[in-house]
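Two complexes, one shared chain (chain A), two partners (chain B, chain C).
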Partner chain A sequence: MEKYTFFQKILLYIAITVFMTYILLPFFEMFMASLRPLEHLFRSPYQFWSDDMSLKAYSDIWDTVPLLGRYIFNSVFLATVTTILCMSFVIPAAYSYARFNFRGKRISLGLFLGVNMFAGAVLLIPLYKLLRSLGLLNTYAAMFVPGAAFLVPTGIWLLKAYLEKIPIELEESAYIDGASRMYILRKVVLPLAVPGLIVVGVATFIGAYAQQFLFAITFNQKREYMPLPAGIFEFVGYQSVIWNELMAASIVGIVPVLIIFLFLQKYLVEGLTKGAIKE
Partner chain B sequence: MATVSLKSINKWFDTSQVLNDISLDIEDKEFVVFVGPSGCGKTTLLRIVAGLEEATTGEIEIDGIEVSSAHPIERGISMVFQSYALYPHLTVFENIAFPLRVAKMPKTELEEQVMRAAETLQLTDRLQHKPGQLSGGQRQRVAIGRSIVRQPKVFLFDEPLSNLDAALRGEMRVELAKLHKSLDATMIYVTHDQVEAMTLADRIVVISEGRLEQFGTPMELYHRPKTKFVAGFIGNPKMNFLKVPCLSSNSSGVTLKLPDIGEQLLPVEADTVEEGGNLEVGIRPEDFSLSDTDKGMPMKVEVVEHLGGSTMVYGSVADHLNFCALLPGDTEVSDDSVVKLEVNPASMHVFNSNGDAMRRREIPAMHR
Partner chain C sequence: MNSNKADYNTTWQKFVRSHAIYAWLLIVPAALFLFIIVGWPLAETVRLSFTNAGLGGEKYIGWDNFEKLYNSRKYPGIVGRTFYWMFLSVSLKMILGTIGALLLNAKLKGRAAFRVMVMPPWIVPMAIGCIGWLWVYNGHFGILAGVLMHLGILDGPFEFLAYKTSAFYSTIVTDVWVGTPMVTIFFLAAMQGVSQDLYEAAYVDGASRWYRFRRITIPQIMPVIVSMALLSAIWTFNSFEIIWILTEGGPRGATTTMIIDTYKMAIANYKFGYGATRALMVVLFLTVFSLIYLFILGKVHQRFKVK
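What follows is the complex of A and B.
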């Protein structure tokens, strides 16, 4: 017997189509805009397709903004460093929360959740003062340190949930065989947690990639350290905005994340749904 | 050589006491089974012996050395878990080798040890498989392999067979008994299954609600249960209990009023019984026989199960429901009839109002 009736299937597809359109339309429009010559963008009436569309913007962006390559590198570099820094805190913390009982465990977990509710913007001024007194303004660290700090709580929650599903007998058995905590973590827990680590790592990377803008424009004034979302502002001139190139640069900037997603989406889905079904 | 002795072990989890003053001495090379209903504390006791939990009060000695707060590795124990606890990302070889890798054993010696364990357990052609590719019985053997490869002084088993199906469980039971013989080591085994306990153990520890009910050989527990709990727990099918008034007691036993049979003298040591009070009589299903005459306990039959070799008859006697009698296989009994059952008075058990058994003066030879 079919799981859904024909009518139900139609409804499902309609719902999916509406949802996907809503999500993907901006990306599509972004791509279309990047193909059009600038004057075409302001032409009336709106023309969906014309013969003068080209990939020219994609080659022009490198001349208009010479540092564009650097900006893209900075973005990926910052997101990578943020992820590594974040994970180095998340792994031991999540393991402790998953396995040990200590005073203040529930309160601190609640606080972590609470921290997530503060938008980064609320904390910009205190953070600015803090970074200034530490002498970190206008460095890479000004962007990845607060970046990692904001992502640690979510990471702990995500990874803790995953680690809790690893049967405790595996650790007890290793403990009885004489293995130390660190040995158990390295040889038993982490290898088994790889799908979970990938989920948390990717979530952190994407989070880091997305949040760069705010920290970059606030804590950094050096052009060479700017990540793409901030650097892309150079397409906004005093007189006009070079929309088509701006869109092209945005797409180029999204590509690295997109590639990561394509490779890891299998793990992502697996990791997010693991434990939902009894094996 | 490895003896294990527990001295007044108490364990509290917050405000609830899960183990109450447990003391026992396990001899070298003995196979001891902790048995009891689920939640009775038997697994906690094993975990205390293993060093995974610490007793709230009390001491543990292994080989005469105090180890109450020692690391499992210093105690010289190894443990097989109910869920096998195999590492799914490692091969069978690496699973068995795990304790040796931890101990940083040289490679050639390590391989030799693993191969020897694999041979003992018939796993040599499975060494490169992952646990996920193995059957339940093979996984169980890998778990055992991991515990024997270190050559510990004491083996601990936590319900190792409960995840297997009935047929495999019987097979593994025999293998475990063989393993015990060939390893010649002290073993402590936890189970809730009294059949496993009876078949495997040199001696059985019966635990109920955190208390040690009785510690003895299987046949001792069967013939001379100290409490009503042990009597009801050991033996399959379970013992039947009847509440009856006590008419008199003297040096030769107690005289009770049994349904329909009337006054009956039971030969037990009955120095502490008050007359006129109620006592409980325990009769094992296998001690019943069908009466040829009109005398005997009347049983209203509800269900008859023909097992071939024997016939189980379920019904009620007097006001007591759920009575069971185990009769010879070719017995003709029909549903909804009333049969008369006979019991040798000497094979009945008597329990006082506290549930303590009165010692039987003799143990009759089995009549079959």
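What follows is the complex of A and C.
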């Protein structure tokens, strides 16, 4: 295949720079704001660089909001539990849709995908009632139970596409050899599906981690259970906002997950390619 | 050997065919879970929409809520704004997602690093990304106004979120920012799934890059584009956190979409019944939109005989 000319390369790098500027701008801005002393933040005109920048905000955040560490932990913990709960429903259902033909398959699959239409925000009031009658308000479950439910349809859709790619012959021969159905699912299908499970698991985790705000502020009043996106608003006081610490805490809060992600992203792109998500 | 093969096939076919019950057993847990967490609340929303439920109890009032909504002077504007917001945002996500995927697919040094760098807006909690944008949009101290003032495009501070038009487009820019990475990654995955032989054959025949993009890449990844566009449209329609954190639907309702409006009515004003009616309208509009989308899609497929 042809190579890029020098000129084309330059153009591509310029385009990538523009694209990445858009993607990374808010993070850059957060980082710059976190370095400035609070009084300096409200200085106009805008200065890119000044000599009074420091990392002080990064040590002060732990005193301003003592539970910050807990919030960061809660976020990761909630996302993990949500993912496990969601996957335990997704795996059998996706396998069933990938392998079997049965009456009502298309309709039930359509209904599952239809759930995507209902955002949590639309169903808040009845969900509140439901969680209250189940005694789940103000617990971790108040956040991960509805959180998992809304992630199930996409999970089924993604994993189904992946499972369909696994050759059926292995299951056939295991069945001929007298293996039980559950044994086939557990010992034949799942090990082969590991790359697909990683992809769907990571995608679910991202969904669960990125959207923790609404259910947390509505169904949970206990501060010790708050995830980071809700807890971080403690830096927003009635009178004033401690902007530099708000930014510092945001950065500290997301770094652990970004690091985990550095290692997982390779599998995500590869896995999505192999699953060749269609329809 | 031959008869053996036949036996084997029939056993297997029996296994596949006679397993409707097993197939359903595997689905039931997920179905039951969603029925409780989504199905029941939906039914309850329908019931509430015919009541005047609030903090002080509830009473059946028939179609009153719907009539009130129908006669509301503001509501058509909100519906129109929601669709306009969705249309702009989804179109931009698809365009930027395609461009992004092409750039990340180009064989350049640093490609692996770029692929990592594109993901943060998707991974990071939306609420936290929005905090960053709040400061970017800050008229006095934010980088956007700062740079524009340095360049002389703005002659003074400009609060992006304080004026109707600029607030509306600012929320779109942020929503596109949140949505683009996922679209990019899915398109990138789809592009990598396209057989290299196609490109090489076209190259040998002297097809230009642009021609190959139009005639190979786009048709090959079309199924992914089409399904991502629908999913993205639904998510964008239902997008709550971004607008809520940036503007709470303001200034003067300029960024109030149907979902924000529903939330305000039900949660902030405690009008559960009237709020439920609005929630139902969100679901209704979205369902109709999706059905029309799928219908048109079916027609297009028939017309052009693509799969």
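What we mean here is this: the second predicted complex is superposed on the first by the 260 of 279 C-alpha atoms of A that agree within 3 Å, B and C clash if a C-alpha of one lies under 4 Å from a C-alpha of the other, contacts with A are read in each partner's own complex, and residues count from 1 in each chain.
Here, contacts are C-beta pairs under 8 Å (C-beta built on N, C-alpha and C of every residue); 3 or more make two chains touch, one makes a residue touch a chain.
Since this is a predicted model, take the numbers as computed values, not measurements.
J.: Going by the contact rule set out at the top, does A:Y175 touch chain B (first), chain C (second), both, or neither?
T.: both
J.: Which holds for A:V122: it touches chain B only (first), chain C only (second), both, or neither?
T.: So A:V122 only meets chain C here.
J.: Which partner does A:I14 reach: the first (chain B), the second (chain C), both, or neither?
T.: Neither partner.
J.: In the superposed arrangement, does A:F112 touch chain B (first), chain C (second), both or neither?
T.: The answer is second: A:F112 touches chain C but not chain B.
J.: With both complexes superposed on chain A, which partner does A:P167 reach: first (chain B), second (chain C), both or neither?
T.: In the superposition, A:P167 touches chain B alone.
J.: Which partner, chain B or chain C, touches the larger number of chain A residues?
T.: The partner making contact with more of chain A's residues is C.
J.: If you stack the two complexes on chain A, which partner ends up touching A:Y183: first (chain B), second (chain C), both, or neither?
T.: first
J.: Of the two partner chains, chain B (first) and chain C (second), which one does A:V255 touch, if any: first, second, both, or neither?
T.: neither
J.: For chain A, what residues appear in both contact lists, the one with chain B and the one with chain C?
T.: The overlap between the chain B and chain C interfaces on chain A comprises residues 172, 175-176.
J.: With touch defined as at the start, can you tell me which chain A residues reach chain C in the complex?
T.: Against chain C, the touching part of chain A is residues 1-2, 4, 9, 12-13, 15-16, 19-20, 22-30, 32-33, 41-47, 75, 88-90, 92-93, 95-97, 99-103, 105, 108, 112, 114-127, 129-130, 145-146, 148-150, 152-154, 156, 172, 175-176, 181, 206, 209-214, 218, 227-230, 232-233, 243, 246-247, 250, 253-254, 257-258, 261-262, 265, 268-269, 272-273, 275-279.
J.: Chain B touches which residues of chain A in the complex?
T.: Residues 167, 169-170, 172-179, 183, 188, 191-192 of chain A touch chain B in their complex.
J.: Taking the complex as given, what residues does chain B use to touch chain A?
T.: For this pair, the touching residues of chain B are 50-52, 71-73, 77-79, 81-83, 85, 87-89, 98-99, 102-103, 146, 150.
J.: Under the stated contact criterion, what part of chain C meets chain A in this complex?
T.: Checking each residue of chain C against chain A gives 8, 11-12, 15-17, 19-20, 22-24, 26-27, 29-31, 33-34, 36-38, 40-42, 44-45, 48, 96, 99-100, 103, 106-108, 114-129, 131-133, 135-136, 140-143, 145-147, 149-150, 157, 177, 180-181, 185-186, 188-190, 192-193, 199-200, 203, 223-224, 227, 231, 234-235, 238, 240-241, 245, 259, 262-263, 266-267, 272, 275-276, 279, 282-283, 286-287, 290.
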